[in-house]
Structure formats: structure tokens, C-alpha cells
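By written order: A, B and C. Residues from 1 in each chain.
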Amino acid sequence: MNLKLGIEMHNFARKLWPLNRSLTGEGVRKTLRNISEHLPNLAIKSVPSGTKVFDWSVPKEWAVNEAYIVTPSGKKICNFSENNLHLLGYSTPFVGELALEQLKDHLYTLPEQPEAIPYVTSYYKERWGFCLSQNQFDTLENGVYKVFIDTKLFNGVLNYGELIIPGKSKKEVFLSTYVCHPSMANNELSGPTVVTFLGKWLDQTPKREFSYRIIFIPETIGSILYLSINHKKMKQNIFAGYNVTCIGDNRAYSYLPSRNGATISDDIAKHVLKWIDPNFVSYNWLDRGSDERQYCAPGIDLPIASISRTLYGQYPEYHTSLDNLEDVVTAEGLNGGYWAIRKALEAIENNKKYKVTTLCEPQMSKRGLWPAGFTDEVRLISDFISFCDGSTSLLEIANKLNLPIWNLYDVVNNLKSHNLITSNK
Amino acid sequence: MNLKLGIEMHNFARKLWPLNRSLTGEGVRKTLRNISEHLPNLAIKSVPSGTKVFDWSVPKEWAVNEAYIVTPSGKKICNFSENNLHLLGYSTPFVGELALEQLKDHLYTLPEQPEAIPYVTSYYKERWGFCLSQNQFDTLENGVYKVFIDTKLFNGVLNYGELIIPGKSKKEVFLSTYVCHPSMANNELSGPTVVTFLGKWLDQTPKREFSYRIIFIPETIGSILYLSINHKKMKQNIFAGYNVTCIGDNRAYSYLPSRNGATISDDIAKHVLKWIDPNFVSYNWLDRGSDERQYCAPGIDLPIASISRTLYGQYPEYHTSLDNLEDVVTAEGLNGGYWAIRKALEAIENNKKYKVTTLCEPQMSKRGLWPAGFTDEVRLISDFISFCDGSTSLLEIANKLNLPIWNLYDVVNNLKSHNLITSNK
Amino acid sequence: MNLKLGIEMHNFARKLWPLNRSLTGEGVRKTLRNISEHLPNLAIKSVPSGTKVFDWSVPKEWAVNEAYIVTPSGKKICNFSENNLHLLGYSTPFVGELALEQLKDHLYTLPEQPEAIPYVTSYYKERWGFCLSQNQFDTLENGVYKVFIDTKLFNGVLNYGELIIPGKSKKEVFLSTYVCHPSMANNELSGPTVVTFLGKWLDQTPKREFSYRIIFIPETIGSILYLSINHKKMKQNIFAGYNVTCIGDNRAYSYLPSRNGATISDDIAKHVLKWIDPNFVSYNWLDRGSDERQYCAPGIDLPIASISRTLYGQYPEYHTSLDNLEDVVTAEGLNGGYWAIRKALEAIENNKKYKVTTLCEPQMSKRGLWPAGFTDEVRLISDFISFCDGSTSLLEIANKLNLPIWNLYDVVNNLKSHNLITSNK
């Protein structure tokens, strides 16, 4: 397999790795600016803190200057500038001295994964804290620690990126991914990385049937905010789409349904994954955990499913410092994820309903379509035509023929060139 | 498990045990009067013999004064006053002397259950007879027997009991049980006993959503008669209900479908029984054998299913003197049967369609609904809300969540108190 | 089993065996004339060569006078007059001398079945050739062969037979079979033979509910031609039917669906075959290979399925000289095939929707329908009546009762004679 694209994506993810993404702040803006180098038409939007969005309001902006602890023996530990996971997300500012026992109320570890720094946030309850490995925690001496957290929570803005790629039809395909986790690979960078490169491909594809709406947002609050602004036109135009998350490791392919479970996004996702990896994992709605919670909420009801590699919560490195670009997310993993979603988008583009232009079977021999007896190719054409009744989609035909939809693209073109079929979608 | 109710029901069944119930007569009236001590609003109705009811007519009333046989050696046997099963149901009067061989034409036994007195009737062909155990039959000496049957078949009335408990809505839930078998326990007394106590509970429940129509009738002719009078308003109002029979032993739970098989009564019965006893027995329409035959007849088509313990015909004591209140029907059995149907009725009352009042997920943390991280309780609330689209019933949500509907009653109340859901039924 | 009919059919097939059937020509006409001796109302139609029929045109007529090869040693081989399979179907005329190596370009064998003469045609590309066994081929000496093919391809006619048997209703049942293969038994003669005898039976059955349209055609071009003339009225009237092919061996029963797969023809075929042979083979639409390709083509969409014995392509003798009337097609095989389709036609005739004339169960005892207790017969009547709601077909009831539809014909007649049911179809 050609990994050129996978390596490019992996390099791009490395570039985004150190930025301190969160719901808001400079890390998000830098990430979006990096993405816009690949997607020049990306609009970077700002929404003020405090803006009401459905049942929620946009949180304060969070800025981190520096944050660390000095041990009784004078060692600087949990230094934010070394690993942005060390600082509890949305920590309030604090400077002070605490005995170890008091400090422990503010420390987060994972006793069962003693080498991992956990990822912890406190968006909606103001507090401060540090995250560190259990191994490091176990070495902490008694005595007085100096805590230094130079952060700011202030009325600023929340940022997100939006890219609209117009097509022949106003009908839209939607892609959403999130840019709110600091240095983690599968459950963060794989998403914006793969979506950036899908956006590039779409932008360069001239004969797109549909329009594409692509957004890079902070999870939950970002999708609620985006829906609060756009849900009416989204409901009008979007007929398919995916939430893109955990799309970069090389261990599994996964499908998580829309709430409806039977939208075209679901049908295409299951079809594509079946033919890419018959062992793909099929989750259900109760396993959900990302922005499909909003896109498929009652009253919103967009047809958004998920195509992922190993899903959030399903791998040991999830939400820890171990979810990295060395051991978890790889060029192969990103490449596989990219192609799974690309094949889904291609299937959506090609999924028309065809109608044979003759009554009864056409005479194939007079058109040279019956070259040497009843070969597999003749059989395929003949089987395909037998379903071209104008009411069966290409996807449905592929499923009836038990073959991947992309095996039919040539047959369609061949028959179109003989004027033996027309499409009515 | 608290058996207080089971013991009360068992005591009530003992009280009804000796009464000579049949299609008509004093035994039925006494039974209904006993029931009305618990259900003061029970109306005891009378319909004259000969009244045309659809394809049938109300039979003559049957009265028994006494009935027995005197053996050649002067012993009184098959004495009706000792066990009302000894006399063939609806026996015509007869006084006379017969040789044993002639007498045998009028004797009924169960050779394969030699200790059991069978239960035999002859409603629609006039004849007389006695039922006795095969063991007793085998001791009969040769010689002349004196038969004495002091019964009467006359133009009287057929009686039944009817209780209407009005609710907020005119829509009705229907319960039907029968009072036409003499001293038998599971296939008779369990039904009126459990229904009497369900009626008491309903009468004392103040916030009933629906009205309840409860009848105590002789089987077959009683349901035909009741339908011939009431089927129009029944079809208009009844949307759920159960025929209650064989609901008192402690060996199994059973479900018998309505003819339609997919009414709300069916869905609720299967749901409740699955969560009470995953090994419950699921019968099909071809196994039917009680008044559902009339309630679900073509053109009647009421949504009536059955929730039972061990079903008629499925236990060895069925239709014999062995179907008693000692070995077959127990306080535990009645208690389990009562709660199975009560949980079904509660589910019918609670089975509304809820709609979340926010677009996108509500912010649970600001309402204290997200107390300490993503607990099972938070997950349950979140899953529940995700289905509150105004078109999915509580039962359907419980099935999607794979938990008993009653586990959701608290969640519903909690969310209602926060104005996060409304119901539209 | 009475084989009288099977033997008659086998004798008729023997009579048709030597005729040189093809798409056109004297062999077809003689075959149709033989059939019309059994079916005097059969209309033998002619359509001129070159007539446009949808995407096709009627081919030239083909006549064979004689055809053979003379070996270098003077032996006459591949003599058409000995076996009409020897000559490639639609061979052009040719007289000439060829060396063995050149001749081989015109010879067809089956190396894997060395005793079999293959069946080969070239309808739409003009060429000549001979078919012979691999064994004979292997004995061919080097040297110069004289080829003598006295055939003619000329503007003549294509013939087919059509029989319309009117019934009470204008609604039609359709039977189609083909008469275009030379001396082969299962994949040719079984079809017209069985259909001829079904036509005789239908013609002699006085109380037919439906009309019958029966055609004997060359495969593919014949069905396309027939549809091009008749498809509008066929679509209007035909509600069921079968393509009859490969219906004469005794090794299996087979079902091939219509394209729709859920027409009444499909339901009846599966029901009948299940009760005739629970091991019947169920093919799918992708296994199709005969005139259902046209009858079920998009835009035509007639409800035509197939009931067969061992299907084309599924037995080793298929399309060879081994598909004969000795080893493959037998009187037993034809008899079984005939009865399978006849039972299907009888089921179509009887498949009405019945409605009970009483509300609630009728009182069976007063009509003598409850002779001696709750017997299997009483249970059957009672079960049957419970489904007589005017919207459930006899076939659906038979499936609910899990018994063959023909077991209900007596029940229906019995209940009709008591005026307990009416039919509304």
C-alpha cells in the first residue's frame, strides 16, 4: 500500500502535537491556522464568552502562561511547558505553598496505568490541579510544595473553523471533527488531520455532485454552538455525514450508528467497512460519546454516523499521555482511516438510481458487450442491468450482488457510454 | 418477598372453594357476592335463559339440591355434597336403579390418573353422570345401584359481575376472568381471586390515567354474552387488557398472545414477563383456550392477551380434583401472578411518549444532574433523554436500554421535576 | 404413486425428441403441431424475420437439409440426420475440404465429459461448426476432410404457440415454456410436455376461477417478441405464473424467485414445494437463466417465478447429448414436476380470503361440527375460523397452521355448506 499520504498526515499531526488545545484559547487558534495552510478557504470564527447557545453558554476563554510545582527539595515537576497534560484543563490561577497531604487533593493519577499521565479537565466547576503518573506520584517526599499556576479565565472568545465546498447540488455532506484536546493522538489529532486531507481532496475534485460542510470545533460546546447558529439550514441541506474521531491507529475499524441507525450515512458506512475489513466493530447508539450526541439529538436529527479506527474508551491509552504519535497513531493507521471515509464519500457521490433504457434485456452482442460467451463480466453487467429499475440505488444493487460498490463504477460508466442506463438522482 | 397479599388471596380462594360454580346458578351468585365484599361497586347482572347472544343463546339455569349413588351394599358414594366434581356439570335430574354395567355408561374416570376425580360437563346435550376416581371405580361391586340426582334445569338467569373504575381518560383497560368451574384452584379460583385484589388496588389508586373495565363471567357463553351487549363501546374504548386465568401456581410464568400478536397488551406482557422471569413460556395463538377466543375473534378484534402462571392443559392436575389449594395453588403462586399483572397495568399507565425540552443535550451539570463524573446514573439519564423525541414510548425506550420499564419511573420523575421532559400522551 | 400420467408424458416427449427445434424452422412448427393434437385451441403464430422487438429483431429462419463430415478414410461422421446436436445451431451453409488442423477450428467437444456431444449455437454471429464427443474427436486421423453443410438462413418466420383458456375472471395465470432446443430432455422437452398436459387438465376443469395464458416459444427472443406484442395487457391481467423449464428429472425440486421475490407466485411456489419436498432447493435471482429474465425485467415486472426439478446448469448432463429420456428424464420425474405445478395452480385457484359469518365463535355443537369432544378435526376447524377475518388468504392461514393448503380445501367446503364463511375474492 502506498503510504505517501499516511506519512504526510502523520507529519502534519506531529506539527499540531505540542499546541495546547482546549475548549478555547491560543492553542485552538494556532491549530486552525495550521489547518488553513492546507485549506485556504477555511473560515476561522469567533464567538464571545457568555453567548447563549441552546441550554448552554459559551465558557470563558482560558490562557496558560506557565504552571509547575516546586518540591520541598527544590525540583520543578509537573511542568506545563514540558507536557500540557500536566495541568488540569481550565485550571484557575493559583500561587501558594501546601503540605503534601493538602496538595494531594489537587493531584490526578491513574494507579492502574502507573506510567501514564491522565487527561483531566474541569470546564464547568472552577478549580485547579495537576496530572502526573502514579510512578512520579509515588516518589513525592513529605514537606511543603510551592504551586505556581499562571493562567487566566476571562471573557474572550471561542473559536472554530468552517469550510464550505460548493457542489452541483445544494444538498450537503457534513464532516465534523474536534480540536479541543491537548497532546493526544488518536482521540484528537487523527480527527483534524484526516479531515484536513479529505478537505484538500474534495477541494481538488472537480465533478463533485454534492456540497460539503466541514467543521473543526471544540467537542460538545462547539457542536451545540454550531447547531444553535446553523441547525435550520443544516436540517434542510445535510443528507449524509460523519463525525470524525479516533481515526488514526491501525488496530481496528469501527462503526457507530446515528441515532436513527438507518440513514444513508449508516448504510454506506457499514457497506464500506464490511468490504475494507470484514471484522470491523459495529457499536450501537448506547456506545456513543462524541458530537453525534448533539447532531442526532431529538429535534436535531441529522443523519450523522461515525467511521473510526479504534473508538474512544476502547483502547488502554485513551485519555492519557500514552495516546501518542509513536505507539498508537501511525502513518498506516491514518492512511486506512482516510481511505475508509474517502470511500464512503465516493460512495455517497456515486449512489444514484439507474434505469435501463430498454424494455426486456438489451441485446448485448450487437454492442460488443458479450465478447466471448457468458463470462463473469457479462454476468455482472447482466445482473446489474436486471436491477436498474430506477428505484434501486447503486448501494442496494451492490448489496444484492454482494460486492463493493466501487466494483460497479466501471460497469456504470460502460453502460452509460452505450446509453443503456440513465440516472434519476 | 412479602407474602401478606399472597396469603390474603389464598384465604379468599379457600372461602370460594366449596361453592358449586357452573355456567349459571346459586354457586355463581354466591361467588359474585363474596367478590363484592372486596369490590363494593361490582354490579351483579342477570340475563334470562334463552336470550339470543350472537350465534348462541343463554342456557337454562341449573340448580343442584343433592346427588349421590347408593351401592348394592348400601354405601353412599359420589356424593355431590362432599365434592361438587362428583356430579357431571349440568346433569339432568334422575332417580332410578341400574345394574353396574348400565351405570358405567354414566361414570367418568381418568385411568391414567387413578386418584383424580375428572371434571366433566355437558352443557349443550342433556344427560346425567357422575365423576369418580379410577381407584374408587375399581372397587365397585356387581349388583344394583340406586341413583339419586335432584337437579333442576329451568328458565332462570345467567349471572355475571361487572366493575367499571373510571380514570382521567375514557380509554379503557380490560380485565376478564371466569367463575364457572366448581372446586378447582389454578384453572378457576386463581383468576377471580387475583382480579378481585387487582380491582381493590385500582380502586384505591387515586391518579389513574385510564378507566378499567373488569368482568367476572362464565367462560365462553359469558364472554359471548358480554360482547353481544357491549362490543361497540368496548371496541371504541379498550386499548389494552388481559384475560386472567391459571394465575395461581408457582411453577412457571406464561404468555399467550392476542390474535393480532403485536398489540400494546402483547408488548407489555412480554416485556414484564421477560424481566420477572427470563424463562417465561411464550405460547402462540394456536395454544389459546379461554375467552381470548371471543375477544380476539374476527370482527371483535380486541387487544387482549394473557399473562398466566402454568397455562391450562399444561399441568397434570388440570381439570381434575387434584387442581387444589394445597399442592397446586399457593400464596407464593398467587402473589407472583398478581404482581406480574399489576406490573403490566402499571406499565400501561406509565407508557407515555416523552420529549426533551431542549435542543441538543441539556447542560446537566448546572442542574446538579452530573454529580461526580460520568456515573451509571448520569449515563442512564443521558441515554434516556437521547430517545425522548416525542414519538418513542417509554416501553420502547426501556427495550432499547434493555432494562425493565419500572427502572425508568424515577428517571422520568426526576427529569419532569427539572422541566427537562414533557409527555404528549 | 400412480404413474399413468407420467408415462403418457414420457411417451409424448419421445415423440418430440427427434425434431430439430431451434429459434425458428420446421422443427419448431412440427413440435407445435404435435402439441396442438392435445390442445386443439392452440394458436400457432408466425412473425417475419427482421421484425423489431424492443432492442432486438427477429432472426432469419434456419433450415437444415443435411450436414456431415467425410473423414480422409471415407467415413461419414457428425451426421446431423443421426443426432441433431452434431450440427452447431444456426450453422451457415458450407461445402469444402479442410485439413484436420483447419477443421478443428470448427469442432466443439467437452474434454471433461468425453462421451458427451455438447450443445452449441451461434444465433447472432454467422459461422458453421460441428459438435462431437471428445472420444470421437480423439480418433480423428490426419488428412483432408470433406465438409458438407446444406443449410439455409433466409427471411422466413419465427413461430410460437399461444393458448388462452378463459375463466370466470379476466385475471390471468401465465405459463411459459420453450421449444428451441434440439434433442435434449430435461432442459427442453420436459417443459413443453408438462405444460401440454397441464393445459389439457385446465381445459377439462369446468369451474376455473381465473383465465390462463399459456405460450410455447423459443427462449429469450421468443419471450421478448411475445412481450413486445402483449406486455400491456399482460401487465394488466397477469397476477401469477411460472416459467416452466427443467421439470422432468427425479433428483430434486427447485424454486427460482421472481425478481421481486415476494409475489403470490413466489409464496405459492415455496409453500407447495415445502410440503412436497422439504429439501427442495431454493435459488435466488442471481441464479436465473431463462425467460424470467424478460418477464421480470425492469419495466415489465410480471410476477413470474419458476418451479423446476433439477435446474439448468445444476446437473452434469445439462446442454449435452446426455440430457436424454433414458437416464435423466423419467416418467416419475415428469409426474412429480406436473403435480408440483398443478398443486401450485390449484392453490392459486383456491387462495381466497374467507370471513366468518358470526361475531364470536359459532356454536359448533348445534351444527354437529363438534361430534365427540375436542378432536383434532374440531381444533382444525376452530383454528381455521379464528383466522377468517376477510383479510387473511387461505395460503397465509395454511402457513399459520403449518400445514399444506390442500389440507384446508375440505374444511372450507364444509364451513361454506354451513354458511359459516363467505369468500370475498
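To be clear about the criterion, a residue touches a chain if its C-beta (ideal position, glycine included) is under 8 Å from a C-beta of that chain, and two chains touch if they have at least 3 such contacts.
Values in this document were obtained by computation on a predicted structure and should not be read as measured data.
Visitor: Through what angle, between 0 and 180°, must chain A be rotated so its C-alpha atoms fit those of chain C, rounded to a multiple of 5?
Guide: 120
Visitor: Note whether the interface between chain A and chain B is symmetric in residue numbering, meaning over half of all numbers used appear on both sides, and answer same or different.
Guide: Chain A vs chain B: different; shared/all numbers falls short of half.
Visitor: From the mean C-alpha coordinate of chain A to that of chain B, what's the distance rounded to whole Å?
Guide: Chain A and chain B have C-alpha centres separated by 57 Å.
Visitor: Could you pull out the residues of chain C that touch at least 2 other chains?
Guide: Not one residue of chain C touches more than one other chain, so the list is empty.
Visitor: Please output the residues of chain A touching chain B within their complex, sorted ascending.
Guide: 54-56, 124-125, 220, 223-224, 227-228, 231, 259, 285-286, 288, 293-294, 296-301
Visitor: Within their complex, state which residues of chain B touch chain A.
Guide: Touch residues, chain B against chain A: 355-356, 358-363, 365-366, 382-383, 385-390, 400-401.
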